[in-house]
């Protein structure tokens, strides 16, 4: 008896965000995803000390060495140990991938909720600007950014995240449009909650789901795109390893030495998998109807 | 509704102008030498400078922008490609059918394979089918397109010899592998999105009402649940179509398909200004039209959105009177 | 009381939900009968399991979390829990239909209101689309909504209007049994009265028997013939309306009436039942109400108490009825 | 769902069987090309794709066949004075539409090419004068050694009548004097040539290898992806290609039915020092000694490339063979350490810029690894080719070392000229910003007369100063099936389908 009551009280005190986190912690799958993500981040941070070999040490003897005991993932075309390059490469790939996905999501959600909430003029103007931006091929945008603002991590993240913003805005706008006229939104407005509160605690939780799915799916090719940026002065310069670059380097040897591509590909897949597990968990936690 | 569409079509003009000015400015500040790619690697700087002058690339920004806008919007002449010597429009038209075939086939695969996968995953929430299809979807999204393409070629073309390795000479057979490779990511994201929005919808009260009316589970799913879950799915398909029409460079490169994607990317690397600017304008136009179509389909699917499009005056809220005769 | 023929007989029905590892016993061995044309009221606080009983009867409980471990639901010679899904689908909406509590979300937001009614008519009446539309328009008129509004969408209707549509939908194929799950809770009082009148009229006209789920004793008085007081998923007291209203035996029922504002007695403060309903995950031993029951003694806590008939079909699940009657006698 | 999949698979089987059944008849060959020729009109530039189809589509006045220069359309070449030559063409040349080719057409071609400006070398042709129907007089502005032949080889010749009749300046359907005519042009995918049957030159002895027509039908297939080029050859969708990735060469020699030949590529790779940064010759030499070219060849080209002894490979007629056994900064760790000490440089960071490609990245990474042993940290900055051009052709301090490449179709001096001739850069210095009169005068002497003495003088001086360090020359691997008995290539290393033996 008491237990139910306490649960009830505690929930009420944490407020909405606390409840979502509370339910998220209960979701085993999401927690597995979170744990692996944390492990990967820790591995990336510690990589300079824990990689079995120096990621840049080339060796003629071990060129294209197949996975063996000394080299778990084998060696690439320059005789460098792939496992160490993946561990060290996680720094660049994870950082770039996560940061630009985060930036794209934050900007996208902000813009999307503004567009969804106000509609009418604001909606039209912002969406038309997005049409314009989305017409420009991503590569060109990145070259322009690199030319105008110079290279550097900040501009790389900007170049990588610009591509993701329009998609997030469109998705959010779509689902807000359905929710916008619901009775509970009007009710919230009638008891004159601040606009910000209406958006964050009423509109967003009920319309964020498609965005979570698209963002967690998008991280995979954000990492791949980071590789193409190194040719235009942005992103990571060789020989610092980066998963996307390792994949494109291994591309020409795909039929003869597939292990060059398999392991970086697997690394990206694991990141996408974890994020999706987390994303699903988050989305289920946000939907109170979901008890199971 | 027609008024809304009319307004949106009028908005196309500022959008096209915006794209033209933006793409021109990007190409203006974008470093790199069109002359270089034209004259080949063994050209010397003096020759390059002469060529730049001859191509009118040294005039000030405003002059070149004015000339470009005049050519594009008044004379509708997108200019001729430096590299190909043929008009940009003709270049695009020649290549559009290949990109169109790949785009349409991939979108069809995405919709007709992705959506059912998503629905099945949603209806068996946390069941085996849900886990399996979602794992496949994740693999589909994180596999780089070129890797999948080359693996498919290795198996079906080189070892089994069923299909051609590349090129467009063998009719539909040469498009099978490219479409599978290209649509894998699309199917994956379609399935994920369908599953997510179906999960949202399946638990709502009107689905229980539908069941209580004695409808079969199939009817409940396809007549009540799916239509309500369509909005995010339409956005994905619309956006995917827009991207696909711009051509998918990786697939076109690997399968040697002379599509718009390759034409545009080669133009960007070679700084072939007319092609880049012309191509971006036309693709931008197509993209905006598709986005308009998406908004129209929104209104078609969901009357609440339609009401918001038509603005406040038309869609009146029924006054809460409803007394009428009150009961028998 | 002429045709005492029983339309529906629920025997020993239980419903469990599993959530986050815990098993929640929403309904525990409920049994009751319903005669043709009659209305039974299921009364109790929210969360007592009333809705689960109704949904179990119509078999629309969400299968993965919910489960019906035991029980039989006799309806026109068939046990609704055992028959095939296809046959159940023929019954839903035709023989048995349901009115839902929250009209705001009960209608499909993107389907025209009339079509949602016509759909059930077309499904069960095997008539043409056109006939179904006409029937739907007639039903709309019947519930006080102008026929022309057939083509409008739910978001263009107010709460009360939507509830009328739900009712029209439920009664479209004039069902023999109507499950009304707190049909008026979401409505304001004036609309509530109209809806209740309408339900009563339709009951008279179509001789529909009904299970009225409510926590509003006023509605019970106005609509129901027999009453079952539900607490923690169990029927604690059952009897005709008169027996329950005039001679409530079970302390919880008494408490319910106690918490009613009585116009002619000048009591300033209401006397609510203190405490909260038990956590369905671990129900108290013996009589479920004993933690909150003013008359509770050790004996109530020991073992489960059976329903005993205290005269004329008036059942009650309390072992200290005599003492309570005595104490109540002294207070008067 | 399973029924649906089975249906799809059956459909694929049927479709693919049908499409493979129709094999081509008659002697024909399918050539794999890496670059897309794009516009195959006569007066376009010399991009990678175009040189692949140039000699199948057009004929020139002269052409380099093997090591000597022979006339093609040209019958006689008589010198009038240092800068004036008379070119006499055969009087019975007709193009595929039957238009006769006269001296007027020759003048028309050179004038048009000069005005379009995509063939920069032609700026050395002052004017072309028509003396008689079949004799044209060429006035040149300057003629360095080898320029005469390279200019007469540079411009494809078509009749004015045919050129003006074509709607798109022969961009997709050229009418030329070549034995082959384009019968189908599918943009960016395939170009098919067929032998016209009425080639004007019936005296075999007079027509060079570039004008031979030993096969009836030539199909050029454009395959931009290296791995797919290999796959296409494996499935015999193409019969021959000069762009097989060195890693896959082993697949073809082992299996029966293929033969592989290595063709030295014209372009060679060299390292340019930014002399603002590397003023001290010892420092430049230290870096040259510190780089092991064998590593570069192994990592970037799987061990299949030529170790250069100067700027440019040893295939040119004016190459002095003695250089081969001379010492040329071969890897010598002690020498490098000593020189670094002498130059007083212990650990420094230098920026190496290069045009991005798999090979260049591998070479840069290998150089970085080698120099790391001497405490020199190389920062690698890759740029795409257009961006790279920006930094190469301007005086800027965005780079310290530059991995560049250059080539010429005829003479070693032309390779040197690209990066070392002050007159060619807008800022009047070499690409490495060298202002050295001796270097310039030695280069001009060698260009005027490429006698071994002049060549050697320049080479030794350049080696002594080490302004630039020649690294390696790549090799194109040409592989073909048994459809071709023996493959022939032109001086640019491109396949001549007409000249192969079948």
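In this document, chain identifiers A, B, C and D correspond to the written order of the chains, with residue numbering beginning at 1 in each.
What we mean here is this: a residue touches a chain if its C-beta (ideal position, glycine included) is under 8 Å from a C-beta of that chain, and two chains touch if they have at least 3 such contacts.
Predicted model only: the values in this text are computed from it and were never measured.
Novice: By CA centroid distance, what chain is farthest from chain C?
Specialist: D
Novice: Select the chain whose centre, defined as the mean of its C-alpha atoms, is least distant from the mean of all protein C-alpha atoms.
Specialist: The most central chain, going by mean C-alpha position, is B.
Novice: What is the distance in Å between the mean C-alpha positions of chain A and chain B?
Specialist: About 21 Å, centre to centre.
Novice: Report the inter-centroid distance (CA atoms only) between chain B and chain D in whole Å.
Specialist: Here the centre of chain D sits 39 Å away from the centre of chain B.
Novice: Distance-wise, how many Å sit between the C-alpha centres of chain B and chain C, to the nearest whole number?
Specialist: 52
Novice: With chain centres taken as the means of their Cα atoms, state the distance from chain C to chain D in Å.
Specialist: Going by mean C-alpha positions, chain C sits 89 Å from chain D.
Novice: Counting only residues that touch at least 2 other chains, which ones in chain B make the list?
Specialist: 31-32, 125-126, 150, 154, 158, 203-204, 302, 304, 307
Novice: If you look at chain D, which of its residues touch at least two other chains?
Specialist: Within chain D, the residues that touch at least two other chains are 227, 231, 384, 387.
Novice: Send over the residues of chain C in touch with two or more other chains.
Specialist: Residues 64, 109, 155 of chain C touch two or more partner chains.
Novice: Give the list of chain A residues in touch with chain B in this complex.
Specialist: 119-120, 124, 127-129, 131-137, 139-141, 143-144, 147-148, 167, 170-171, 174-175, 177-178, 180-181, 209-210, 212-214, 217, 220-221, 224, 247, 251, 254-255, 261, 265, 268-269, 271-273, 276, 280, 283-284, 287, 289-290, 292
Novice: Would you mind writing out the residues of chain C in touch with chain B in their complex?
Specialist: Interface residues on chain C, with respect to chain B: 58, 60, 62, 64, 85-86, 89-94, 97-98, 100, 102, 105-111, 119-120, 123-124, 142, 144-146, 149, 152-153, 155-158, 160-161, 164, 166, 169, 191, 194, 197-198, 201, 205.
Novice: Which bits of chain B are touching chain A when the two form their complex?
Specialist: 8, 11, 14-15, 18-19, 22-23, 26-27, 29-32, 125-126, 134-135, 138-139, 141-144, 146-147, 150-151, 154, 158, 185, 188-189, 192-193, 196-197, 199-200, 203-204, 231-232, 234-236, 238-239, 242, 246, 264-265, 268, 276, 280-281, 283-284, 287-288, 291, 294, 298, 302, 304-305, 307-308, 311
Novice: Please give the residue numbers of chain D that touch chain A in the complex, ascending.
Specialist: Contact set of chain D toward chain A: 226-227, 230-231, 245, 247-248, 295, 298-299, 356, 358, 361-362, 364-366, 368-369, 372, 379-384, 387.
Novice: Name, in rising order, each residue of chain B that touches chain C in their complex.
Specialist: On the chain B side, the touching residues are 125-126, 203-206, 208-217, 224, 227-228, 301-304, 307, 315-320, 322-328.
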